[in-house]
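In what comes next, subunit A is part of two complexes: it sits with subunit B in the first one and with subunit C in the second one.
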Partner chain A sequence: MDYAIDIKEQEALVRLTGRLTFNDHAKLRALIKEMLQNAAKRQILDLANLEFVDSAGIGMLLIAREELSNLDKQFILRKAGGQVKRVLTVAQLGKLITIEE
Partner chain B sequence: MAPPPLAALHSLGFPAKRLADLATMAGLSLWQPQAGNAGGRVKPTALRVLVLLGHAWEDQVANTWTEPYTAWIEVAALADHSILELIQRARDTSLYISFTTITANRRDLAGEVLSMIGGRRRLSRDSRDNIELALHEALSNAVLHGNLQLESLSGLSVDALERFSNNLTCRITDPDFANRRIDVICDIIGDAVTIDVVDQGNGFLPKPRPEPQASGRGFDLISVSCQSFRLLDGGRRLSMRFPA
Partner chain C sequence: MVFAWSRRKAETVGHGQMLVPVRCEPEVVRDAEPPTIDYQLLGQWIGFADLQRHTMEVLRSEIERTSELVEDSTLDLSRRFRELAETAREQSHRVDEIVAMARFVEIDGIKVPLDELVTNMQQIIGEMIANIVNLSKKAMSMVYLLDDVQKDVTELEKSITDIDGINRQTNFLALNATIEASRAGEAGRTFAVVANEVRTLSKTTSALAQRMRDKITAVVKGVRQGHDILRTIANTDMSPQMLAKERVDKTMDSLVDQTNHFQTVLEGTAASSDELSTVIGRMVTGMQFQDLTKQRLEHVADSMTVMSGGLEDLVARTRAAIPDHIEIPFPQEWIDQLLGRYTLTEMRQRFVRRLLLEGTALDEHGILDVSTEPTQSSGGDVELF
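Here is the complex of A and B:
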């Protein structure tokens, strides 16, 4: 998995590419720390170019949501498609994290 | 219809004398790829070759995910009698893989097995996605909670994730854990694909979760991705069935 962050005023847009699995734990920790440190109140994860996510990836997204909510920051998942959308649905992540088309 | 019997033995990174002795003991001939009989030009039913690998994380292993290979055994520190036992297990199986835990953790084994199944059956996009996800989750469970005996990640924090990562690093660098075996046994018969993932841990059985946690969704994903699954041998063997 790779990511790029684009910050505009109150919004940080993070574009994820590739596959998000447990093997990305070090990168995910770095990403969460960046999202905690930047000034934007809304942290949006753009999943349009994410090809695959596993249960560990879902767990790491929940950790991001929890850590961001501790700092009163909003966490939003956007544009999931294909396998990623299906896994988010099966894991019922919409009950815990805001998911936008 | 059952697959044709295993016919030959090949190796990568393995002493020639030991290979020849093993072939004799197993009653298999030796096989070498030559121009014209490698790279998918052999009819799938014509020949089945088992490849013995010194260490299976090396790049050259990627070249063997193709016909006529149907079984892969990473030798690592195994003695001859253990290798012969594994060869025996591979004989009547469509695809058989036996790797160390450290190798299973390094490779994208789910994607590699899927490509081998795809070479034998035309699969829809949905079928491919289902097999890849279920197998990926089964392998993750077998590696992390089976052979490495890691507790599920507790608490929704970066610190908890870091602790889990550190524990993983400790276990995977300990040969007692890293050399445990992960076996993938795949049969493609009739209109079904069955895949068993076997580990050598203490047995893992999923528990109900009281509230949202960072881990514990693997079996949910497996259950929606396959037609049926069973946990056998006290949770050391997960057997999954898919329509094909």
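Here is the complex of A and C:
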């Protein structure tokens, strides 16, 4: 998995590409740290180019949400498709994280 | 000539009252010459009337046979229809039972409605997935925690190494102090004791650092192993199991749809069976036409008996009235016409037998060559010509 952050005032747009699996846990931790440190109130994860997510990936997204929430930052998942969208739906992540089309 | 119908007692046949034509001669012809009587024509009439009488008797017996046949067949048909109606009712009951059962699934002897079962199953799977998600999050938190612990432990190892360095330096200083103290002689004696104590302290610290290093090494080993195990756990992807919910949901939906479809079809079948049994009931009622038919045919047969009796009486009286030498011709032509119309062999044979009893010759029709036994074909002996 790779990511790119684009910060515009109150909004940080993070584009994820590739596959988000357990092997990316160090990288995702670094991303969470960046999201915690930047000034934007809304942290948006663009998942349009994310091909796959495993159960560890779901766990990491929940950790990100928890840590951002502790700093009163909004965490949003956007444009999920394919397997990613199916897993998010089945896991009912929408109950915990704002999911946008 | 004018005829009127007058009622008089039948003498020859004794079939109650009957109507016979009585000639009423008008006043104007009373004084005229008596008309000449054509005895030949009367002879012909006797022959024909005889044939007519026999034919009527044959027909009457045919009507009676037919009436019996219709009665037997109708009773048989009614019985079968009633059986059919009963079967249809039973079928309807059975289908009703199936419909009632189709809504439920029996689990441990308890009937659970299918929709409730599906909801329960979906809830269970939902909870299972929620647990997987929760565990994944906990496992990842743990992984991050142990990542940090590993870093801290490495720091700790480094600190112990630092303590070792300090210790070596302290030991070296204490050794130097001891040397310097012995060089100072008596004046340095007290200092030598202190320097010695410092060396002892340094050795103790070194032993402590070593013990700490041993323990820390054990902790690091444990943490690394735990970390590895946790990685294996966290690295086990459960997303396929989560996605299995999609398949289960679809299967459950299909199951419910299919059951609903079966139920609709079965309800339709039960309704059809009910309707069938009602229609059959009406058919059985409708078969009472046979009673009416029987009565009518009895009337027809009775009338024919009366007419036959009348004919017999008239033939006897006419025969007595004409001279003996007058020939009474056999009405061959009419017989041929009649027989030509009988397409049922059996009926034709009965007709011929009846006439033969009267001693007439009908061999030219070759009817008696045919066996009088009914034909082999079972059921109605209908022959098509």
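Note that the second predicted complex is superposed on the first by the 101 of 101 C-alpha atoms of A that agree within 3 Å, B and C clash if a C-alpha of one lies under 4 Å from a C-alpha of the other, contacts with A are read in each partner's own complex, and residues count from 1 in each chain.
As a working rule, a contact is a pair of C-beta atoms (placed from the backbone, for glycine too) under 8 Å apart; a residue touches a chain by one contact, two chains touch by 3 or more.
Quantities reported herein were computed from a predicted structural model and do not represent experimental measurements.
Legend: residue contacts after superposition of the two complexes on their common chain; A:80 is shown touching neither subunit B nor subunit C. In the superposition on chain A, A:99 makes contact with neither subunit B nor subunit C.
Judged by the touch definition given at the top, the superposed model places A:20 against neither subunit B nor subunit C. In the superposition on chain A, A:12 makes contact with neither subunit B nor subunit C. When the two structures are aligned on the shared chain, A:60 is found in touch with subunit B and with subunit C.
By the touch criterion stated above, A:29 is placed in contact with subunit B and with subunit C alike. Shared contact residues on subunit A (touching subunit B in one structure, subunit C in the other): 21-22, 25-26, 29, 54-56, 58-60, 62-63, 83, 86-87, 90-91.
Residues of subunit B that touch subunit A in their complex: 129, 132-133, 136-137, 140, 144, 153, 156-158, 160-162, 164-165, 212-218, 220-221, 224. The part of subunit C that touches subunit A in the complex is made up of residues 126, 129-130, 132-133, 135-141, 143-144, 147, 231, 234-239, 242-243, 245-246.
Per the touch definition, subunit A reaches subunit C in the complex via residues 21-23, 25-26, 29, 53-56, 58-60, 62-63, 83, 86-87, 90-93. Residue ranges of subunit A in contact with subunit B, taken from their complex: 21-22, 25-26, 28-29, 32-33, 52, 54-56, 58-60, 62-63, 65-67, 82-83, 86-87, 90-91, 96.
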